[in-house]
Amino acid sequence: MSTIAAPAAPARRSLYTPYRMRIAKVTDEAPAVKTFRLEFVDPADAAAFDFKAGQFGEYSVYGEGESTFCIASPPTRKGYIECTFRQVGRVTSALADRDEGDIIGFRGPYGNIFPIEQWHGKNLLFIAGGIALPPMRCVIWNCLDLRDRYKDVTIVYGARTVADLVYKHELAEWDARPDVNLYTTVDPGGQTPDWKGRVGFVPTVVEQVGPSAADTIAIVCGPPIMIKLTLPVLTKLGFQPENIFTTLENRMKCGVGKCGRCNVGKLYVCKDGPVFTFAQLRDLPAEY
Amino acid sequence: MPRIGVFICHCGENIGATVDAAAVAKAAGELPGVVHAVDYKYMCSDPGQNLIKEAIREKKLTGVVVGACSPRMHEPTFRRACAEAGLNAFLCEMANLREHCSWVHEKLPETTEKAIDLVRVMVEKVKRNRPLFPINVPITKTALVLGGGIAGIQAALDIANAGHPVVLVEREASIGGHMAQLSETFPTLDCSQCILTPRMVEVAQHPNIRLYTYSELESLEGFIGNFKAVIRKKARGIDEATCTGCGACIQKCPTKKIPSEFNAHLGHRTAIYVPFPQAVPNKPVIDRAHCTYYRTGKCKLCERVCPTKALRYDQEDLLVEVAVGAVVVATGYEVKGTDFFPEYGYGRYKDVITGLQFERLASASGPTLGAIRRPSDGQVPETVVFIACAGSRDPAKGLHYCSKICCMYTAKHAMLYKHKVHHGRPYVFYMDIRAGGKMYEEFVRRAIEEDQVSYIRGRVSRIYEKNGKLIVKGVDTLLNSRPVEIAADLVVLATAMVPQPDAEALAQKMKISYDGDRFLNEAHPKLRPVEMNTAGIFVAGACQAPKDIPETVAQASGAASKVIGLFSKDELSREPVVAVVNRTAPPLFSTCVGCFLCETACPYQAIEREEIKDRNGNVLKTVARVNQGVCQGCGTCVALCRSKSIDLQGFTNEQVFAELVAL
Amino acid sequence: MEFAVSAFEPKLVAFVCNWCTYAGADLTGTSRIKYAPNVRLIRLPCTGRIDFMLLLQAFGKGADGVIVSGCHPGDCHYTAGNFHARRRWTLFRRLLDFVGVDLRRVHFAWVSAAEGAKWAELVNDVKTKIQALGPYDAFPKRLDGRPQPAEVA
Amino acid sequence: MTEQRILSRQNLGPLFERLAADGRRILAPVRHGDRVGFERVTRPDEVALDYVQTRTSAKSAVFPPYEPLLQFALQGKDVQVAEPAPDAAPTVLFGVHPCDAASFATLEAVFTWDTPDLPFESKRANLTIIGLSCTQGDAYCFCTSVGGGPGDPRGSDILLTPIGATHFLAEILTERGQAVARLAGELLEPHRGNGKDAALAQIPPRFDARQLGAKLPALFNHPAAWQEQALRCLGCGACAFVCPTCSCFDITDERDRYHGVRLRCWDSCGLALFTLHASGHNPRTKQSERWRQRVMHKFAYQPERLGVLGCVGCGRCSRACPVDMNLAQHAQQLAETAV
Amino acid sequence: MEALRQRARELLAAGTVQAVLGYAAGSEPDRARPCFVRTAAEADGLIWNEHCRQNLATYLQKPEVRALGRLALVARRSTLRALLQLAAENQLADGRVVALFVADDGAVTELPTLAAIEELVARLPRGLSDADRQELDRIAALPLGERQAYWAGEFARCIKCYACRAACPLCYCARCITEANQPQWIPVSSDPLGNLEWNIARAMHLAGRCVDCGSCSDACPEGIRLDLLNHVLAEEARTQFGAEPGYSVRKDYALASFKPDDKQEYIR
């Protein structure tokens, strides 16, 4: 087995060189969905690393390639990051094969952030569907960790079936908290006999819950169809597009506005996003 | 990272003497993904297997590689051990360190190096293994038997007697087949009909057998355990339930001069007829091509005389759908006609007949009531020439094969002739006498020695008519090729056995394979002689190859026992090493583009077409689907698929690729 | 494969079917017939399964010679897999030859489950021949020459 | 800092020798039949100086079709990662036309606008461009429509313009050019008058790229502008791969048994799978959307975001297109379309 | 040319087809470009000359083109063959296109059904052009080492733009093998192995299917004679297995069938 002779140490580190991350914990969330907790192998990396809610990174299995996911843990929890992914392609399959203790790569953080500091003193309404909870989980925990800065926190989360709900333990935790209003729902037919949550599509549940738009920021993440059907509901409830946030998941390779993949009109999702308000999206071509 | 356990067996000294098993285990232990690697004296022993089981439990292994003997030897053993420890059996692979390494190489560092390579290759493969589960296919425990000759009758009775419903389909108006036409059978000379007709009656009366005569297979779809057959019940022109088989209609029918198929055109029948008196069922059919009513619109004499008013002139063909789990094909054979032979007069000479016609002449129920009289003038022939190998074994005629029964029945014919015409002179032209079989050689010897049949070894080059005699010209190759010329009164050609004229069409309809002579191809000539390549379809009798009655009956019973074996379980459980067509997210649904070039490559017709529809039922795409009940897992389709949309479980592209990368 | 030898020891990859050649090679073992240790077998159910891309992969991985072997015509466990494979090889060989791949490095054989001796002879013969040809440097390799200088092609 | 000198064609040989002696490799156009391409050369007689356009562009000098970003080796549970040694060979790109010389500004803008890109920068930093003005053009050339011209000095460190059959006017334009001039020394003779414009090819402008860029956003949702043109587009990557400014790339891993590389490879926005999500969703499902992206990116997005045009008017895409898409023609049509 | 325009006008005016897919004048006199004629008036733009080389059957698989409705297709011999081969591969329903075959003398034959195409194409002369034949023979006659060097040099110029694939009427896979990455059959990068593998895979995937239109090498921006690989295989498939793709709508794929006595003298 050959090792690579290390070249003369470059003056700067290439942006394409990932941090070496050790998988500290693997959690099975749902069928083919896992969460990795990743710790920096090099303490210097850990010390230098900082990020904010909404950012993403490129996770890599050496020999298989890179894949883009958000950072699913909040910046308030130091010393590690978490990512949640569904096994669909070459990289995510290879990732899913990794185990605790294995080394993978991460480069980031990339992209813009949720302006949570501007949300101080406001109500927060989180609406998520399926595997789109992870990008929101980062913000939810970030805000819950700074709970006193926000007013009411309402979470509506739905999945196709009970099995497809991710972060089941945390859902229970949020449910138990008096300072969080959690509404979980599954699509009709997706419930189990002992399911205690709601049954119905997310937009319908939002309408039933009927949160007030007054002084409220809505954050919506989910499959395109869910977003499409949720927006009219929010509009009806009185939400203004500039108070509704989402994150886009366009395909990316570089993460830093070079590879040419992710742009929506003139905006790079990797640089100008992934967080957008619907007021911004309204002015963009529908290339997402 | 996967958690692979590697277990290296010394196999006593068998591996250990040439391969450093400990070194192999050590090297394996350093491979990425390997969390456990040990060597042991006898891995297949109970303690050895326990090593594996314990490691699976304790180290939470996700895959196991056993470096030992050939997987063809102990793969089942180790896979079972894994399954017992809770690891899916298909997550276990073997590296062949004995047959492919220690036994074939000297004790050299290279040999241990090779062993390490072999283990590494399997480690990389097993990382890509996925749990597989046996495929269970429900079985409809009803058999379809095609052909009501002796093969079909035997198969149907055997299956029915085992308690399973049977649908027996016969093209002609009666079951019985060619055997019903025969006079006596070799080598015992017992009466063919005497042994056959009781079985025919048994079929008719059997509670488990549904009999469709005058019927044909219209279509066959599905797969083993789950076929859907459509049977075309041709219009008989009578109501079978009402008809009592009294025969009054036949008596009165004005059209009487139709050549009788049953009598091989040597006798006549009427337009409404039963093929022969012992027919089962004994219900007539109307031959619409010859019936006066159908031709002119007037007659209906039969209706007038019918005591039960059973005639139904406007009856139409009926399509009957039956669900069956297995099919026995027993569609039999035909013999070449005399018109196939220009050198013997193209069928122009009335007194040049086929062996089958001679059977009818010799039969007590035949047109001459068993008297040997020649067709042209009804005279008793004084000299009869029998020619064996008429067509058979003759590449010039396009028939390379031996028809197998001609030697025997020619001897029988000569003998029967001699028994009936004591002063007659029988001659037999032959190429070789093939009399392999119990009492067969003795039978031929009896013909030659006791009945003084003159056997002449040689081919007949020509037959022509001269002064009311048939001049048979040939050579005697045992007498320096001396020309022989015999003035005969009757010539009997042992014409070649060939498949039914529509054998090819039927095979295509059933998607079963056939050879260049249009005989059906068994799955394996030695080991699977009664199975077709298409699972669930079996073969019996002369539709597969020329054979005599005992062989036919034996094969029919063999096919029946295969069917009974299949029906002995409610579900068919199969190894999951089968091909699968991928499915992906919409809008692609599958990377398969539906070119279906794999369809013809599949030796088992396991590729089906699946329509992917939207909510409104509009077809969005047609893609291939592998019928897992039928697929045998050869992987020919996988190699053929350009877009890599089909993969073979257990030997997936990823697995094989990983093996190569690991080399 | 890594060999610590002074003389050139060719790397041979054999793609074999499970039912005939793999079993034949098993018989070589049970008969204790010795042959060159240079070969590594890839076991597949049938020659029909052997994608031509796999052969390229083997060369790309550094094989100096490739053996493809299965059941004799008519003996295929799956009736016709080897017939399909044979057609594929006929075309593939023609193409390889046309693009300058040395056909002396690709060997096709029918080795039945009874032909243990033939398997040993085959491997030894191929090894000798490839040894004479030397390493297959003309075939591009996986990760070959990387990193490549940024020269303009 | 422009200085004008004269370079005799006879002095090219000595110049090449001095460049080589300085440790520089020379990439220059070489003719093979009807095809001209940039290759490594050592002597001027290998170089084709009378070409109209090479098939593929000179961008490979800084953005090769594939290049390693990382190397790694797996060891048990661990992995060793190393950045490949930067490609530091000083290179002279000799004889590129002004359009190609101009393309490096676009590439630089893309690769350095936000985050430094070492693999690119290491190559760019070592590249000196000796341009060659065009004395001939063809129907596909449209540099003058995109702000360039047959004698445009921008992008070149030294620009050569043929004067008669024996000499070049050498404009020394940058510090890197000065460095080469110092090496050349007496090979560069004093300038005797100006003959540059007379020697240049005539490339009439066909549209104004800046005006087009300003107009394009309004045409975005104007189906007629895109659909008819894109109907015949086959969706291959030929235009992007021959383009001197197209810089979309893919990052992919390749590995052997237990070691491998992470590679950057050329990619194209015209390919259907370019933007395909793992979920099966594709933001740009139609070829017309992909063609529109290509045009918008070059003429609207890049000028707005990066301050550079994404097109230098070399015409390669139109020459290479199997179905004669002709970007200049379409751009002209768009420019003439009433919004 | 006028006959062609006239047929196009009639078909469009009668509503028999919604569009005529033909050739229009290209950027320069030596080029022609595919065009979609939707109205009788536009038919004046149709041209026919020796530069009309792209195989227009390639467009039939594109969703945008499918959406146009029933098409008339200006066709050369290889276009007709492509239509038949696509039909044999379950990719083209009978009646979806009307082929307008233009003979050397400019005469136009309207072929509304696949049967009509079969009937006509059977009567056309077969075989390679003299120039193709000479080039094929020249390369085949090179000594092995030179042949290897020739193709290594050609493939070294391949930039994996996949214009060859895009231009081919029979490369219609929704996901090409080059895009399959589990496993990654063919390296993404245009490296020597990847280029060799891609070109071999492409040719093998067209073996017994290629209709000899030459669109692949016409499309190659680097001018690599990829078509020669196809021709070599087509010839081998024809001489060994009697393969004549594109002459019938019957599925008769040489690699999905066999004869027990197929050639095997190279197998020991």
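First chain written, first letter: the chains are A, B, C, D and E, and each begins at residue 1.
As a convention for this text, contacts are C-beta pairs under 8 Å (C-beta built on N, C-alpha and C of every residue); 3 or more make two chains touch, one makes a residue touch a chain.
All values reported here derive from a predicted model rather than from experimental measurement.
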item: Chains in simultaneous contact with subunit A and subunit B; value: D, E
item: For subunit D and subunit E, chains touching each; value: A, B, C
item: Interface with more contacting C-beta pairs, comparing A-E to B-C; value: B-C
item: Per Cα centroids, the chain farthest from subunit B; value: D
item: Label of the chain whose CA centroid is most distant from the centroid of subunit C; value: A
item: Inter-centroid spacing, subunit D versus subunit A (mean Cα positions, whole Å); value: 38
item: Distance from the mean Cα position of subunit E to that of subunit B, given in whole angstrom; value: 43
item: Centroid distance [mean C-alpha coordinates] between subunit E and subunit C, Å; value: 33
item: Approximate Å spacing (C-alpha centroids) for the pair subunit B, subunit D; value: 69
item: Junction residues of subunit A, two or more chains touched; value: 88-89, 101-102
item: Of all residues in subunit E, the ones touching two or more other chains; value: 157, 175, 177, 182, 184-185, 187, 191, 255-257
item: Set of subunit C residues in contact with two or more other chains; value: 52, 61, 80, 84, 88, 142, 146, 148, 153
item: Touching pairs - complete list by chain label; value: A-B, A-D, A-E, B-C, B-D, B-E, C-D, C-E, D-E
item: Subunit A-touching residues of subunit D, taken from the complex the two chains share; value: 69-75, 77-86, 110-111, 113-119, 220-221, 247-255, 258-260, 262, 264, 267, 269, 274-279, 281, 283-284, 289, 293, 296-297, 300-301, 304-305
item: Residue numbers on subunit D that touch subunit B, as the complex places them; value: 74-77, 255-258, 279-280
item: Contact set on subunit D toward subunit E in their complex; value: 34-35, 37, 55-56, 65-66, 139-140, 227-228, 230-232, 234-238, 240-242, 250, 252, 254, 263, 265-266, 268, 271, 273, 286-288, 318-320, 322-326, 329
item: List of subunit E residues in touch with subunit B within their complex; value: 89-91, 172-177, 180, 182-183, 185, 205, 251, 253, 255-257
item: Subunit A-facing residues of subunit B, complex; value: 1-3, 127, 585
